[in-house]
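What follows is a pair of complexes built around chain A, which joins chain B in one and chain C in the other.
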Partner chain A sequence: MTSTAQSGAPRGARRIDGWRWAGRIFLAFMLLYTALPMVWMLLTSIKSGFAAMQFPPQWWPSEPTLASYQKLLDPQNSVGQDFLRFFWNSLFVSTVTTILAVAVAVPAAYAFSRFRFPGRKFLFFAVLLRNMFPAVIFLVPLFILMRWLGLVNTHGSLILTYLTFGLPLAIWLLKGFYDNIPFQLEQAARIDGATRFQAFLYIVMPLSVPGIIATAIYSFIGAWNEYIYAATFLTKNEQLTLPVGIQRFFSENTTDFPGLMAASFMMSVPVVVLFLLLQKYFVRALTEGAVKH
Partner chain B sequence: MTILEGPAGAPRKPVIRQPGLLSQMWTARADYLYVLPAIVVMLIVIAYPVYYTIDLSFFKTPPGLQLRDKVFVGTENYTAILSSDVFWKVTLNTVIWTVASTLIAFVLGYASALALHRDFAGRAVLRAILIIPWVISAVAASYIWKWMYHSDFGIIGAVMVQLGLVDRQPNFIDNVHTVLPSLIVVNIWREFPFAMIMIMAGLQTVPEQLLRAARVDGASAWQRFWHVTFPYLSGVSTVTILLLAVANFNSFIVPWITTGGGPSNASHIWITHIYELAFGRQRWGVAAAYSVLLFIIVMSLGYFYVRALSGNERKEDSP
Partner chain C sequence: MAQVVLKDLVKTYGSIYAAKDVSLTVNDGEFVALVGPSGCGKTTTLNLVAGLIPITSGDIVIGDRVVNDLDPKDRDIAMVFQNYALYPQKTVFQNLAFPLQMRKLGKSEIDTKVREAARVLDITHLLERKPRELSGGQQQRVALGRALVRDPAVFLMDEPLSNLDAKLRVQMRSEIKRFHQDLNATIIYVTHDQLEAVTMADKMAVMNGGLLQQYDSPANVFANPVNMFVASFIGSPAMSLVPLEVASVDGAVALSSAEGWSLPLSDANARKVATAKSRKVVLGARHSTIRLHKQQVPGAVPARVYTVEPTGDITFVQAFLAGAVVNISLPPTAEVAPDDQVWLEFDQERIHLFDGETEMALRAS
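Up next, the complex of A and B:
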């Protein structure tokens, strides 16, 4: 491997082999770094509270138990009731946000890609600049705004906020897709008598499905994982979303590490599954939209 | 005017006389309908809060959100911030946090993308596993690492004891010297996959012929990377670094959940500090002034961001 560092060395075949080995060792290291915390989360979640708190730790649980999962998923006991309610709240907020984000981002991205209206450049950068604003700037004024709109302690406040904050990247991703759909397709449809909106609906929309899926994943994951606004706008226990709910719950039960790890695991499952199923669309959207040369 | 001009890249005929702005806008009136929903939502949720924060930063506010009783104090909030020791400590923390997280996450992501570019058995599975930390909730990630750093039962300390590196469990996140690096490790864990995805996407745009030509000309693997791939990815790299830098500068959840900024402000960065000032100590005016300062810094970063993006756009418009 040391020979690989010297690019001037003459023997080509040896050098390429060296890079390959360096790559493998590096990937093995990254795999450990990435996977060990997740493995430890799973192993802890199937221990009893007593087994989790031992020194030296039990590397492998001697008596694996699903008690933590049973407790969290049991609608009869109060912990389970809370957890399931948080779960449904998160699912509701994320799903509605996703649907609205796609509905708003599709026409906007299409317009930014196709039309040349005055102010288009400025508007587009205004949209992108949103990425730059730190959430904290918005907390107090948005809280007051939500109070004024009567939305404090409703899921509407979160949906409105997430929608706005998810839009910039959503529009950016989708614009890249529309840029790549040949304009001639629409022109042909227009010549055949379709209105501009019909051409958009029947020609462009179906072609941009992968971009829409990528946008939807992005919105859903963002909304599912958001913490700071949910912690500020919601105070009633029965409305909390998962990240805030779990944080509130475990700030009272500080030593239930198996329960905490089981809750973290179940909070991660929906977004991880969703992402793994649809990741090819996401990478493709980035390739076509964001990083095109 | 609008639709006939065609997509980006169509040659522009020189216009003899530009119609007035208002008549242009009138001609394009239907186009605005498409962006109207986005603009309305943005105006409500972005423009108003920005105005409000700037306004509030010049007032002394009573605790609680009884903001009707606020008193105008001019720039007093700003001078109070700039002359406090905590401000400079938190600023140093923020710089360390942002620079270290951004650079290391970028380098690890870049290297992972390169190592995963060549096909081998299990590549898809490995790639999927490496992306997962980016997808899972930051709250979950914070709890997982907090548990691994635990001062009595944490696995990292236990491994170090077993290997004989230390005598007793080190206290990673209750120690002013180790807390910030420990949290940066967590942050990088969450963020390097983003850099990896961006670079992986970028690598697909590097033309294969160029690499083959370089190989034919006898370029080594390193030379092919340094003279072909690396320059080709400079645009993506710039955007990725800027996005990471902004995200890190604005990050909140990891330090807030794991330490709450402690011990003795050692892991406070700007955002957590502002949050504590506002919602913990209810000093809304000071927090607003902090936000404005932060806003100015972020806007100057944003200037480079827009420059980098519009650089890409110009390349698209005139190939």
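Up next, the complex of A and C:
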């Protein structure tokens, strides 16, 4: 190594360090920005009702308690009954939505990716057309439609609505995945003795598992968090999903902030768990779809 | 193994012919190369035989069955793809086993056959690896293995060597040739590389514009190209083609150029020229059959050197002759420089003559 290189290296390294530190500070700020509400939610949920309302606020609970959680998870208690009911409703609606979305999106995306049929481009555009409008625009028309179908106050109305919003994206996301799987693999499989469907089942499906997982997570989160449609289509207490249920239930007379926060925290658990388990697929899926189109 | 017969095979996309009236017979155990520039219809023809695309009209016979409407899986064929198309989620073993599983063979039988194929191709040590952990040459072998494992009637190969680097390509070329000899396999092999076709195939089918131009042994195609396309496509460097006009010089038949010189023809060549549709005739000659002189000699015609390319054992010279570029090969000791005035002497026994209008080779009637 020459002396020039030696004297040059630290200067360059310092400059890189500067950028690195700027990056770290930025990340720390972003972390604070996103995590602080979550932390505050968690801290409030383990306070007593009185401590939650104190001013100046108690940053750290002096007497942490799990009473709110116990109440929510106790099926004997009326609060617990409602919460568990809402939780079950949300789980049901989100899971059915997800299963149906994947079941429809997989063959649809495959067809858009592999088959050349008349109207293919138009139909694919039509599928994406929905995404050009804010979801709330469809609130009234869909409500009228659901009433006409006799589906108001059923979970079916929500499942259908969430599919309307989730499917286009699911199809688009999955099509990107199928586009990236070489067609020759299927040709090879068909020559190796598979029917077209077997080639799809044995070769293409296993390769598209990351895409299917990503699509499923996306559908699930969308349905799990949705508020406006659930608030409009459902009026009976026992049918409410978590977002609406929590809001209505805990702010009916006086707001039980620790209870509300505990419920909110538990509502985020399934999403966080799903995300942690499958995040690598999710990130990959989003980038893969992006590169392709 | 089996023979393959194509009868008046046609594939159209809208009004475009991808393959037009292709007829040829691949005998049992023969290695046939479909060769031509990209877009000539060779891959289309192979895919038609494989059943990957439906035919528009004509017949495909494999063995004694007309397979026109059969699925690929029912045609008893195996195919090696340009990008190998190995199943990325499966190990090498599972890749080789897949065609056997699809045919519902027993587990122990699959194991025996996979290991036998792996032994033949020397990939036994790779059986537990995934395709992405293999080198290009190893992937190529696995692709061959997957084709060979179930003993098909015909092997179809779609440019199997074009993704390999130059050195490996030469090595795999001899391995595939060996593979053909050992198995006595019927092989249809698509390539755009005429050298691969010439070195490996028993017969070559030269295609252009969806049409089969010539179907013969490489030696015959090389020696007697039926038209100007085949003449210029087969052989490297390409055959030189010089457009000239038929003239009568001192009562003898000759080819004359706009530059003023003329080349008297032998009696045999004069008879060929007599069959031409018009006065326009194209003179064709391979680089090794042209002699280059630095002084004027009787029968030689004047040309000007354009480039000189020494390759070590041969020096290639390009020269302008009557507005066309002519390739000549010389020993490395030859002393020529660009812009030199030279004289070219053609071997009357070995020149080719083509009809300037139809571009077909002229034959003595």
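Simple rule for what comes next: the second predicted complex is superposed on the first by the 274 of 293 C-alpha atoms of A that agree within 3 Å, B and C clash if a C-alpha of one lies under 4 Å from a C-alpha of the other, contacts with A are read in each partner's own complex, and residues count from 1 in each chain.
Basically, a contact is a pair of C-beta atoms (placed from the backbone, for glycine too) under 8 Å apart; a residue touches a chain by one contact, two chains touch by 3 or more.
Note that this is a predicted model, so its numbers are computed, not measured.
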First (chain B), second (chain C), both or neither touched by A:104: first
Partner chain in contact with A:89 - chain B first, chain C second, else both or neither: neither
Chain B versus chain C as contact partner of A:225, first or second or both or neither: first
Chain B versus chain C as contact partner of A:54, first or second or both or neither: first
Which of chain B and chain C A:68 touches, first, second, both or neither: neither
First, second, both or neither for A:136, with chain B first and chain C second: first
Greater residue coverage of chain A in the superposed arrangement, chain B or chain C: B
Touched partner set for A:208, first chain B, second chain C, both or neither: neither
Touching both chain C and chain B, counted on chain A across the two superposed complexes: 182
Complex contacts: residues of chain A adjacent to chain B: 4, 7, 12, 15-16, 19-20, 23-24, 26-27, 30-31, 33-35, 37-38, 40-41, 44, 52-57, 103-105, 107-108, 110-119, 123, 125-145, 160-161, 163-165, 167, 171, 179, 182-183, 196, 221, 224-225, 227-228, 232, 242-243, 246-247, 250, 257, 260-261, 264-265, 267-268, 271-272, 275-276, 279, 282-283, 286-287, 290-293
Chain A to chain C touching residues, read off their complex: 182, 184-185, 187-195, 198, 202-203, 206-207
Residues of chain C defined as touching chain A within the complex: 50-52, 71-73, 77-79, 81, 83, 85, 87-89, 98-99, 102-103, 146, 150
Contact footprint of chain A on chain B as seen in their complex: 1-3, 5-8, 10, 21, 24-25, 28, 31-35, 37-39, 41-42, 44-46, 48-50, 52-53, 56, 65, 67, 108, 111-112, 114-116, 118, 126, 128-133, 135-141, 143-145, 147-148, 150, 152-153, 155, 158, 161-162, 169, 189, 192, 197-198, 200-202, 204-205, 218, 220-223, 226, 232, 235-236, 239, 243, 246, 249-250, 252-253, 257, 270-271, 274-275, 278-279, 284, 287-288, 291, 294-295, 298-299, 301-302, 305-306, 309-310, 312, 315-316
